[in-house]
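Right after this note come the structures.
One chain, chain A, links the two complexes that follow: it is found with chain B in the first and with chain C in the second.
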Partner chain A sequence: MSRVVVIGAGLAGLVAANRLADAGLAVTLLHKGLGGLQLGQGSIDVFGYAPDRVLNPIKAVSQVATSHPYAATGSSAVLDGLAYLKQELPELLVGDPEANYQLPTAVGSVRPTCLAQPSMIAGHVRDGAELVIVGIRQLKDFHPQLVAENLSRTVLPDGGRLSARHVWVDLPARDGEVDSSPVGYARAFDTEAFRIAFATALSPQLNGDEIVGLPAVVGLTDPKAWRDLAGKLGHLVFEIPLPPPSIPGMRLNQALTARALAANVRIVPGVRTHAFSTVAGRVASVTTAAGPGGRTYPADAFVLATGGFESGALELDSHQVVRETLFGLPLTGVGDGALLHGDYWGPEQPLFRVGVSVDDRMRPVDPWGAPAYPNLWAAGGILAGASGWRELSGDGIAVASAVAAAAAITKELS
Partner chain B sequence: MRKLAVDVVVIGGGSTGAGVVRDVAMRGYSAVLVDRADLGQGTTGRFHGLLHSGGRYVVSDPLSATECAEENDIVTRIQSSAVETTGGYFVTCPGDDPEFADKFLAGAAATGVWAREVSVSEALRNEPRLNPGISRAIEVKDGTVDGWQLVWGAANSARHYGAEILTYHRVTKIETSGGAVTAVRCIDERRGEELVIDTNFVLNCGGPWAGQIAAMAGAHPVEVVPGRGIMIAMNHRLVNRVVNRCIYPADGDILVPAHTVSIIGTTDVKVDDPDHLAIEPNEVQQMLDAGEVLVPGFRASRALHAWAGARPLIKDDRVSASDTRHMSRGMAVIDHTTRDGLDGMLTIGGGKLTTYRLMAEHIVDAMCDKLGEQRECRTAREAIPGSESGRTHKVSDRLAEREEDRFDSQIICECELMSRKMFVDAMNAQPEASFDDLRRQLRLGMGPCQGGFCSTRATGIAHADGRLSAEQATALMRLFLKNRWIGLWPILYGEQVRQTALDNWIFATLDVAHLPEPESEVTA
Partner chain C sequence: MTTPDQRLVMGEDGLAFAGHKLSRASLDACVKCTICETACPVSAVTPLFTGPKFVGPQAERFRNGESVDHSLDYCSSCGTCTLVCPQGVQIAELNSQARAVMKADHMPLRDRLIGKTVLMGTVMTPVAPIARAALKNKPIRKVMEAVIGVHADAPMPPAQSQTFEGWFRKRATPAGPFPRGTVVFFHGCAGGYFEVETSKKSVEVLEHLGYQVLVPKQGCCGLAQQSNGLFDGATKDVLKLCDDLRSAGKDLTIISSSGSCTGMLKHEAHEIMGVDDERLRDVGTRIRDIMEFLLELHDAGELPTDFSPIEMTVPYHAPCQLKSQGIGKPAIEVLRLIPGLTVVDSNATCCGIAGTYGLKKEKYEIAQAVGKPLFDMVKATNPELALCDTETCRWQIEQSSGVKTEHPIYLIHQAYGLS
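Take a look at the complex of A and B:
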């Protein structure tokens, strides 16, 4: 029997499982789907907009309202989590909690993020930079001309300007394909032969010291693929994340999963946790919908890291009732009026701030502040009071709440 | 200022106007159609897609029933590419009066509407999601029709006969002199330029806006009573035939399989302004309850989008008895000579999309009478361009096409299987189109992801094509997403919330909210 069961394999679940295993606890990680990392941008957002563009994310963390998840985790858990990720994934994450990178996106915005992959950071926008954005004809989710023109007309956060132009490379990931997925390209870039072919097609189009912006598909399993390509081109290169499937997100997911397995976390993929039992007011076990009658996982502590509406952890039914779908936990942010409004570019939809509130040890609480169950913790997108995609705070909340929950559980069980 | 001179100006680019301009052009008149927006952006694009067999009216409105049956055959023949011959059922649900089915069958026999009672087990075998509690089922020849393809087909046919189609031309005044129409003044909304079209005849096909248009000629007020109806598109085809409740026509009693979705409709609420049609929460709940009666578990299905349309009902005491020759139930031609002492203008109202061609025939016949000319209507005999083969649409058509061209063109909208080539061709054919205009012809963004993946692709392609600056392309994307939300948030629950959250994460990866602001927001 594991001492802790973590439910969900997004960033929060993976960090929680790793931290608990590091503390010497036997951990089981149950998850249904892929986890959110592979749907995101593959960097670690801490605070991007508050609501104005954030330059120093950790400072923004320290200034949140008391209803924000960062108020429960505190800045120290954020710093602890970021240091942990950098230390454990040195080839994949670099950066400074006090200074956001400002990185180009696949439509040409400038996006703030805290820790980025080394393959992305040459794109950090600077006054006077000369960029060339490279599209691949057979890859439909990257628009080099739009990126270049939008970047060129942008006043940078420091008031400067950069120049950007675009070029195209016509090189299928596999012979004859016109509509290759990012995964197809990433696998191709893992091979030396494809990198040579790509560099051969691109090199003649590059000028001087231009910094080369590429869609983020430069290798999936080979972490050195982008460095090798940069060497072949003789230019600085940077990757720009695409819509899902996210290759940088897959890299993080693979690395954190491998680390968890190495730390003896028992990972049970492809199972939906749909029921639980209690004994004397404590959660005794959860049950997955695997096989006849399901399978039951008892433990001393449970971490709910199931995400938000995107993963099905929260649900709004056709009668406008919101529900946390596993434990039926009390929710914050419902019953204060309309959950949705019609102004798309206006204020955040109140629905997407709904979630569970937690105490200072990251345990979900009822409206009076008492823990719903003394041995149930929560981390990540299930938490109320923030809009991760609007603030660009989702990763930071996931990491900090996972670190804080793991610390509280470790203290409790040891 | 630009000037044109034609025999006839048709105002309104819905199904009626498109049918009228085709008919006018086929009879040899020079003609221009003007609409303040895109074709099929009003009522025509906001219905459920039902091509009536006539069954709905066999008891309540026998004349309409016969007209529908006849026109269904004609439209299926001349516009086959816009029509899917799904067939339909009228079913008696638990609690419905089972004797209505007898009245229905008698009415069908009397009106010439084909109908055949089938066993409940046959109906349930063919439509397994139907309420197993139904007690009777009658098969009819209901079909579905894509309103936008219907309108564009008729407009293209009219062009073929020399007519000019001017979208985004808003009429500002109908000039008269000595009691007769002399010209139509418009603003070209895309260029901000005035256009004056000299003409002796105006055919007012404004639907719910017909009253506003008649007023521009100084006619006595034409009282239009827009009847708002809401529709909800559910993901997938819950049924493959049109399913109607076998009752006296009421709200929420039709479920229509259209392309990849099924559409439940509709309500009928009087409103004042056809430009502001709300989708009220109570009507959404009413539709979901109604869907549950036809297909148990309906509420657990995924709602994709909702919209509201305004019926073009004209209530006019001043229509004189002499007009009845050109009137039939459900449609009305207003002769402004007898009514207002104004020569050279006719207004048409009422009617339904299924009978759009017949409406056109009526009003153009009336025009010919007034001009003292004998010119025969030929619209029922000739197929529109693209429908010559007579092959009707199948839901699997696009899949077959993409299988065919998958090594030649990328799929830009996976939900609706729209290729890059389709998108580029449509942009070239309509260079000034917004993404919503293209959506109506291509179904861009109309599937489950509601633009999550395809909106930025469309933006990138439109910009790479060189026609739009990054600023313009970005502005079109912002408008497209804003417009998608109008039809999303009123029905947002269940799986579609999950999709919306995913879309929001995608837009966060791209940071679309912080693209450099356009100088001015595009609003249409």
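Take a look at the complex of A and C:
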């Protein structure tokens, strides 16, 4: 029997499972499908806007309101989590908790993020930089002219300006394809032959010391593919994340999953966890919808890392009633009037802050502050009090709450 | 829902279901996140299949009867897309159903023949040496390829001189006592005719643990027909099989070492063909993959772990139809209880065969490309032995890597001192 069951395999679930396994606990990770990592940018946002652009994310973390998830985790769990990711995934994540990178996006805006992949950081915007953004004719999800022109007209966070132009390369990921997928390109870039062909097509179009911006498809399994390409071009290069499928996100997902497997986490994919049982006020087991009979997983502790509305962990019905779909936990942010207003471009929708509130050990609490179940913990997008997409705080909250929950469980069970 | 004594007849109903009830209801949950596209092993190796999102939930909206998109036939139905979908869209099931509708009025003879696993077994067993020789004979295989479209290099089942049932009936029946009670063994067609050793070893391990093993006379689960779109015959077969297995006794755990047939009983017959029948629900609830059963015993503290050491590093591949059962990879955890044994997870998506897909002459090269990373991994890990839970996957791995491939129960059997 596993001592801990983690439900959900997004960033929060994967970090929690890894940390618990590192602590020597037998862990089962149940998840419905792949988690959200490969729908993101493959970087770790800690705090991007508060509400103005954040330059020092850890400082912004320490200044949140008491209702914010970072108030429950504290700055130390954020720092702990970031250090852990950098240490465990050195080829995939670099950065400084005290200084956000400011990186070009696929629409030519500049986004703040805390940890980024080494293949992205040459894009950190600087006054006077000369960029060339490279499109690939057969990759329909990336528009280099849009990126270059928007970047050129943007006043940078430090007040400076850069210049950017765009060029095209005409090279299908596979022979005969006119519309190749980002994954197809990533697999092609994993091969030396494709990198040579790409460099051969691109090199004559590059000038001087231009920094080369590429769609983030430069290799999936070979973490050195982008360095090799940069060497072949003789220029600094950087990757710009695309809409899903996110290759940088896939890299993170695969690395954290492989690490969990290596740490002997029992991973059960493809199952929705839909029921639970209690004994004497504690969660005794959860049950998955595997086959007609389901499968039941008893444990000493449970981590709810199921995400928010987008993953079905929270549901809003037509009567404006919100429900946490597994445990029916008490929700914060639902009692103060309309959850949605009609002004699409107006102020933030109250709905986005709905979630579960937790105590200082990351256990969901009822409205009076008592734990809903003494052996149930929560991490990630299910937590109330943050608008991850607006603040660019979702990754940091996931990592910090997973680290904090894992620490509390480890203390409790040892 | 039908009651146990009603006989659900598919045919038109089955195809009506295929065009489109249960799975179709799930397609609105698709948010176009593309996660399935990133995981599909077929579109990764060929542009002939445009990917599960396009062919599945997207193309499905344009289907009213026959599909407008014939690349659908290149889906191998390995089920990876459904497994990775975070929104619960039954992508592979949609594809299997749409393919059944597409092929309904011009089903190739080959696809009818290779679904007839019992027929193949009964014909081959009495003439096993001849059948073995014939299936290894290049000119004969070339004729087979030309006439019925089964690729000359595709793996074929190994004909055996004795069926499992023959062995089970003729051997000295264990006298007991059976301190752990009684279980039912489901061998499946392959486990009855071709993978006889796997079935024997499974029974011997269960008896060693102290179970009385009942083997009721049993037919085919219909999986091979289902995967070829022959829902009518498959439905009749799976319900007949449920009757067979239920005849051994109420409430007994049913155990199988045939991973894919177990998946058919647990969920595929219901989710793909819409068989909604109390008998199927009953069997689907009681049945366990044998490695899943051993792991459940271990989790409950009831599995003896007095295993003899096996000093070996062995590659293990979890087949798609095991993964789709939502039980993780129980074999790895049970095998890791054997001292000295290092089990290396292939972490490969699919071996390519996907039931009968990789046998077909127009799909053979694709199936080989899908399995190539696995074959390379197997060869690099141990050139003598690989482990895998399902029959056709073992034949594929063995044929394409040249490495002997057995069911994980072989090493459990050995470590208990039974071989």
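Criterion: the second predicted complex is superposed on the first by the 414 of 414 C-alpha atoms of A that agree within 3 Å, B and C clash if a C-alpha of one lies under 4 Å from a C-alpha of the other, contacts with A are read in each partner's own complex, and residues count from 1 in each chain.
Criterion: contacts are C-beta pairs under 8 Å (C-beta built on N, C-alpha and C of every residue); 3 or more make two chains touch, one makes a residue touch a chain.
Predicted, not measured: the structure shown is a model, and the values here were computed from it.
Undergrad: For the overlay on chain A, clash or fit between chain B and chain C?
TA: Because the two structures are overlaid on the shared chain, the partners are seen to fit without clashing.
Undergrad: Between chain B (first) and chain C (second), which, if any, makes contact with A:357: first, second, both or neither?
TA: So A:357 meets neither chain B nor chain C here.
Undergrad: Per the contact definition in the header, classify A:267: touching chain B only (first), chain C only (second), both, or neither.
TA: second
Undergrad: Residues of chain A touched: more by chain B or chain C?
TA: In the superposed model, B touches more residues of chain A.
Undergrad: Identify the partner contact of A:106: answer first if only chain B is touched, second if only chain C is, both if each is, neither if none is.
TA: First partner only, chain B.
Undergrad: Looking at the overlay, does A:75 come into contact with chain B only (first), chain C only (second), both, or neither?
TA: Touch status of A:75: no partner.
Undergrad: Please work out whether A:312 is in contact with chain B alone, chain C alone, both, or neither, and reply first, second, both or neither.
TA: In the superposition, A:312 touches chain B and chain C alike.
Undergrad: What is the contact status of A:32 with respect to chain B (first) and chain C (second): first, second, both, or neither?
TA: second
Undergrad: Quick check on the superposed pair: does A:375 touch chain B, chain C, both, or neither? Answer first, second, both or neither.
TA: neither
Undergrad: In the overlay, answer first, second, both or neither for which of chain B and chain C A:176 touches.
TA: In the superposition, A:176 touches chain B and chain C alike.
Undergrad: Please indicate which partner A:244 is in contact with in the superposed arrangement: first for chain B, second for chain C, both, or neither.
TA: A:244 contacts both chain B and chain C.
Undergrad: Give me, in Å and rounded to a whole number, the least C-alpha distance separating chain B from chain C in the superposition.
TA: Across the overlay, chain B reaches chain C at a minimum of 5 Å between C-alpha atoms.
Undergrad: Across the two complexes, find the residues of chain A that touch chain B and also touch chain C.
TA: 36, 39, 176-177, 244, 310-312
Undergrad: Inside the complex, what are the residues of chain B that reach chain A?
TA: Within the complex, chain B contacts chain A at residues 285, 288, 299-300, 303, 406-412, 420, 453, 456-457, 459-461, 463-464, 469-471, 473-474, 478, 481-482, 484-486, 489-490, 492-494, 497-498, 500-502, 504-516.
Undergrad: Would you pull the chain C residues touching chain A in the complex into a rising list?
TA: Where chain C meets chain A, its residues are 31, 33-35, 37-39, 44, 47, 51, 82-88, 266-267, 270, 280-281, 284-286, 299-300, 323-329, 333, 345, 347.
Undergrad: Given the complex with chain C, which residues does chain A contribute to the contact?
TA: These residues of chain A touch chain C: 1, 32-36, 38-39, 174, 176-177, 181, 183, 187, 244-245, 250, 258, 261, 266-272, 288-293, 295, 310-312.
Undergrad: How about chain A: which of its residues touch chain B in the complex?
TA: For this pair, the touching residues of chain A are 36, 39-41, 49, 53, 105-111, 138, 140-143, 145-146, 149-150, 153-155, 176-179, 241-244, 246, 308-312, 315-320, 340-342, 344-345, 349, 351-352, 388-390, 392, 394.
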